[in-house]
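Consider the two complexes below, in which subunit A is the common component and subunit B and subunit C are the respective partners.
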Partner chain A sequence: MYPAVELVRASLGRYSITGLHQGTVGLRNYARLLEQEALPAVAGNTVAWVAVVVAVTIVLSLGLAQLLNEAFPGRRLVRWALIVPWAASLIMTSKLFVWIYDYYFGLLNRVVAAAGFAPMDWLGDDRTVMGAMIAVGVFVSLPFTTYVLLAGLQTIPGEVYEAARVDGAAGWRSYRWVTLPLLQPALLVATVLNLIYVFNSFPIVWTLNDRNPGFAHDTMITFMYKIAFKSALRDVGLAAALGVVNVLLILLAVVAYLRVLRGREEPV
Partner chain B sequence: MLAAALLAPYAVMLLTALKPEAELRVAPPRLLPVEWRPQNFWTVLRDPDFQSWLTVSLAVAAVSTVLVLVAAVPAAYYTARHRFPGRGAFLFLVLVTQMFAPTALVVGLYREFFELGLINTYTALIAVNAAFNLAFAVWILRAFFASIPREIEEAAAVDGCGQAGALFRIILPVALPGIVTAGIFAFIAAWNEYIVALTLMTDASMRPLTVGITSYVTAYVQHWDLLFAASVIAIVPVVVLFALIEPYLVGGLTAGSVK
Partner chain C sequence: MPLSGERQPRFILRMASGAMSKTYTLGGNFCSMGSMTRRGLLALVMLGAAALAQSGCGDRDQPRSIKVVIAEYSRDHTRPFWQGLAEQYTRQTGVKVDLQVIDWNSIDQQVSTMIQNSQPPDVLNLNAFSSYAKDGLLYSGDEVLSPKTREDFLEAFARGGAYQGKLYGFPILASARAFFYNRDLLARAGVAAPPRTWEEFVQAAKRVQALGGGLIGYALPLGPEEAQAEWSIWMWNNGGDWKAGEAWAINSPKNVETLQFLAALANTHKVTQVNPGKTNRTDGAFQLFKDGKVGMVIGFSPLAAQLDAERKVNYGVTQMPTNVGTAVTLGVEDYLMAFKKTGNQEAVRQFLDLYYQPEQITRWITAEGFLPVTKSGRERMSGNDKLKPYLDALPSARLAPTTDPTWDKVKLDVQQTIGLAVQPGGDPKQVLDRLQKNAAESAR
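Let's look at the complex of A and B:
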């Protein structure tokens, strides 16, 4: 039964790739891709989107995981609450944030006004739309990341901390020199998977950036989608070229990250 | 506090779903409805469009889950129990498939199904969902099978149980939590899938829930109350299912990836 399974999988994989290749005419599409005026902005957006979302998510999740690793009243409740953004469909969460960010009727501006600031058109203003999207990106990435890190924390035996205490390490020092190194495998998994998920994330940018014309706030993924299906270009070949570039970029980022980590591990 | 911060947006969702339409357009907005309108949920449930989206979502998610399990259980069992040439490569391939989310390949997928003449068919949607959830299912199930001690099978063999008998009477029951976990996870992933459905199902009457509900709010009609009522209906069962598998999910994830 097993070869059949692999056959199905291999054939599916190859189909998609030939689909991509059929769309291209030699390297012409790639050359035209470089000529797209929007490309530098889109590439910049993508880097900012991925880097900030992943970094902020990891830092916040480290704190959350540490907290959830301790027993405290209501821990069960927090864990349940953490599941909701994970399980809820991304498109529904995105729509919800469109409503919360709304200029006239959104609750965010109500809070902002109550705090004494001028209300903002969060999703219409060039200065805020990226930040608004990143906030949602972090919000939906937190649960998964926290769970992976929490699982990592739970594999660290208590004796290690006792030994550290005997050696005179406590508080921050214990965390920095004992917890973080032992957490490295979990951190690695969380970072790599987040890189992939966040780069590939479509519904958030697609939904929150819906009102704005042009490509000024698109990432590579939504840019590709617009080229293929929505814009005046409607150019599957060009989009496919971008798709190939996207996949290569993900691979590159992941491999580079693994390299860096392995390089750091070896001298130890 | 923390729980409140995580749930606050969804509380807004629920409360907005309970408002009459006129109350959506008040500035400054109010958190609580003045007049509570639980009838919004009935409006949505009785909406024939909503019923059709719901049916499509349920059917697509259920069929692709069954397909995933039928393919993933033997593959995972085999890789967990036997060493064979290319085993490492196979597992790596599984991980790589996991990386190529449908989003990155959506243009290729569209071309593929376009050439096969399968645009606007449930076959296409089910196939894509099944294919992309397969990798994760194999990964999680393998960890479960690997954690079952080999001695159990040997004991069964001593007691006169054949290999097939051992698989069905011993291994599968023991691995049941893992199979349920992989199944629920595949179901939820298919249930929440958006981009492939948006791309492949151009016929509005065949869309699943995730794509369908966005038609409550467009440039022309803005039924935010109904959109959120529908979202609440779609999210609640998924959250309950997810809570059930939560302990296994993290265990399976880290067993597979953290060596």
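Let's look at the complex of A and C:
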């Protein structure tokens, strides 16, 4: 609890650019937050970033988990390979992708050129930056999510499927009406943890966006850091206010998600 | 001189308020106690004057250790040098050194956290000082430097470390930018000599670009990493400046003209790399030049060292092309600061004295490949051929207005904004107007 208390206290303070505390200002930092011109764009980016990364991750992981649940030659190898992006540091992975996306030196543009298309400045072009970051976000979120869902799949007893088959359900119908409902606890865990994790993710957005001036591609988390240290604001009080807002937002999002889910589960 | 960027915002967990405890000075340097906290004063009263008399004026008031925070200029040289210096200092004084060498990406954040937590360093190395002086956190040169050291500073650098007429930012090292060109590419493009004027520069860039094959005339890094440095140099070489007298003059007609010139390089003449407003120096412009793809770029001695090590590019170093007759370049001065803390004055003074011994400071600056800030250092380093172009450039070098605390915000504002002016559809005048407005507001 101590860091949370400190965060709230800092958000009520007035700080010099050096970090020196110069008194308290009540809620003025929160009011100033709302005046920030960049805030709507940053909020929009955050919603897009979290929603798309989590949704795409869950869908792809469902497929991957299903695949890894089947017996096939080399399964052990694939299971191990999937851990790699999880084990690697996020900063190293992000740096690697900076070079993959680079206009002049990047692997991606070589592929693009070989396919006969014009190269793109993936991390500089306003139309592609968010997509490029989301792709990396999904890439690093897949292993954890897949393993959670795989664990969920393995808790479903084989008899259930047999019973379903006897009742005439197979293929998609079996998946839709047997697997998915029984997978719900695992899906819930995966979604909630990913929501928090992706929302709070700093290194990917920071590293892939570090060539771009301004705040056009920042999320709430990188915006907070820029407010504190990398913009003309340079104000840790204001940044702390955004930090408090961030914590409340993610709490709200998780509670709302759980509510919706519980509402759906209740018998009609 | 940050080199590249990324860091976890761990500060948010450590962000603590905690005002600096107010300090009260007990007149003079009585027993070199300097100042005491209110609680300290109370304790003193309770103990009674007798205790003070008994304790005498020995080493008792020396802190057991001092915290020294240094920015990492290079992996190879920074820590080894300061580690050695710290050990020597401890042998001489008995005071331990808590040495922290921090990379440029996170030093601002970490120092800010220390100050928020009322645990500032005793000695700090950074590229800014005046905000700390303004906040009353620092000793002035009179308080912690020997007269010999103060007199040894080169005049321009001593001026660059002054806040309201007093020296607070002690020069630690300097660097100067210079104009780098790829000899082979310029020759292939039929450019006989490196350009001296802006017209010659545009012609040379066009010719290199026209060679085709993805070659680039001029690599222009106006991304957030160091945009203020690139901008300063072009601005000055068109006769503009950051300020006119005491007032900010960022959107002067001359400066608007300069930024329009840079935007035209990108969008009209098309002689730069793609998205110059979104290209950083280290992993962008320098990388392209080191790869032999670029005709010209503004560099500094560490780039030369990398080029020499890689031996891939046949390059020359010369003065900037200018639009006003006399070429100007950017000098960058970094600082050492001494933080006022109860009872640390003598310990800090001894530490700074040791660093500013001519053989110490020169040994380090030479190892890092930077330029001297002292008269004795300049004498010792004048024979170094590698440094000649930069030493020659020093007399024509100008410093950013680091003595004005407003600069610390203006710099960040420029980094986050100016690149947008050279993007397609960008509006140089509007960008500069906005920077000017923000600067004028911060200055109030």
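One rule holds for everything that comes next: the second predicted complex is superposed on the first by the 243 of 268 C-alpha atoms of A that agree within 3 Å, B and C clash if a C-alpha of one lies under 4 Å from a C-alpha of the other, contacts with A are read in each partner's own complex, and residues count from 1 in each chain.
Going forward, a contact is a pair of C-beta atoms (placed from the backbone, for glycine too) under 8 Å apart; a residue touches a chain by one contact, two chains touch by 3 or more.
None of the values given here were measured: they were computed from a predicted structure.
J.: After lining up the shared chain so the two structures overlap, which partner does A:P203 touch, if you call subunit B first and subunit C second: first, second, both or neither?
T.: Both: A:P203 reaches subunit B and subunit C.
J.: Contacts for A:Y101 in the overlay, against subunit B (first) and subunit C (second): which applies, first, second, both or neither?
T.: neither
J.: Which of the two partners, first being subunit B and second being subunit C, lies in contact with A:Y147: first, second, both, or neither?
T.: Touch status of A:Y147: first partner only.
J.: Could you tell me if A:W49 is touching subunit B, subunit C, both of them or neither one (first, second, both, neither)?
T.: neither
J.: With the two structures laid over each other on chain A, which partner does A:N212 touch: subunit B (first), subunit C (second), both, or neither?
T.: second
J.: So, does A:G243 touch the first partner subunit B, the second partner subunit C, both, or neither?
T.: both
J.: Tell me the contact category for A:W122 with respect to subunit B and subunit C: first, second, both or neither.
T.: neither
J.: Mind working out whether A:F223 is in touch with subunit B, subunit C, both or neither, as first, second, both or neither?
T.: The answer is neither, since A:F223 touches no partner chain.
J.: With both structures fitted on chain A, tell me whether subunit B or subunit C touches more of subunit A's residues.
T.: B
J.: Across the two complexes, what residues of subunit A are contacted by subunit B and by subunit C?
T.: 6, 9, 13, 15-20, 22, 91, 95, 104-105, 202-203, 221, 224-225, 228-229, 236, 239-240, 243
J.: Please give the residue numbers of subunit C that touch subunit A in the complex, ascending.
T.: On the subunit C side, the touching residues are 4-9, 11-20, 108-109, 111-116, 131-132, 134-135, 137, 214, 222-225, 227, 273-275, 277-280, 283-284, 287-288, 291, 293, 405, 408-410, 412-413, 415-420, 438, 442.
J.: Could you pull out which subunit A residues touch subunit B in their complex?
T.: It comes out as residues 1-2, 5-6, 8-9, 12-13, 15-20, 22-23, 64, 67, 74, 77-93, 95-97, 99-100, 104-107, 109-110, 113, 139, 142, 147-148, 150-152, 155, 185-186, 189, 196-197, 200-203, 221, 224-225, 228-229, 236, 239-240, 243, 246-247, 250-251, 254.
J.: Within the complex, which stretch of subunit B touches subunit A?
T.: On the subunit B side, the touching residues are 2-4, 6-7, 9-10, 12-13, 16, 24-29, 31, 71, 74-75, 78, 90, 93, 97, 99-101, 103-112, 115, 131, 134, 188, 191-192, 194-195, 199, 210-211, 213-214, 217, 224, 227-228, 231, 234-235, 238-239, 241-243, 246, 249-251, 253-254, 257-259.
J.: Considering the complex alone, what residue numbers of subunit A touch subunit C?
T.: 3, 6-7, 9-10, 13, 15-22, 91, 94-95, 98, 103-105, 121, 123-125, 202-203, 206-207, 210-215, 221, 224-226, 228-232, 234, 236, 239-240, 243
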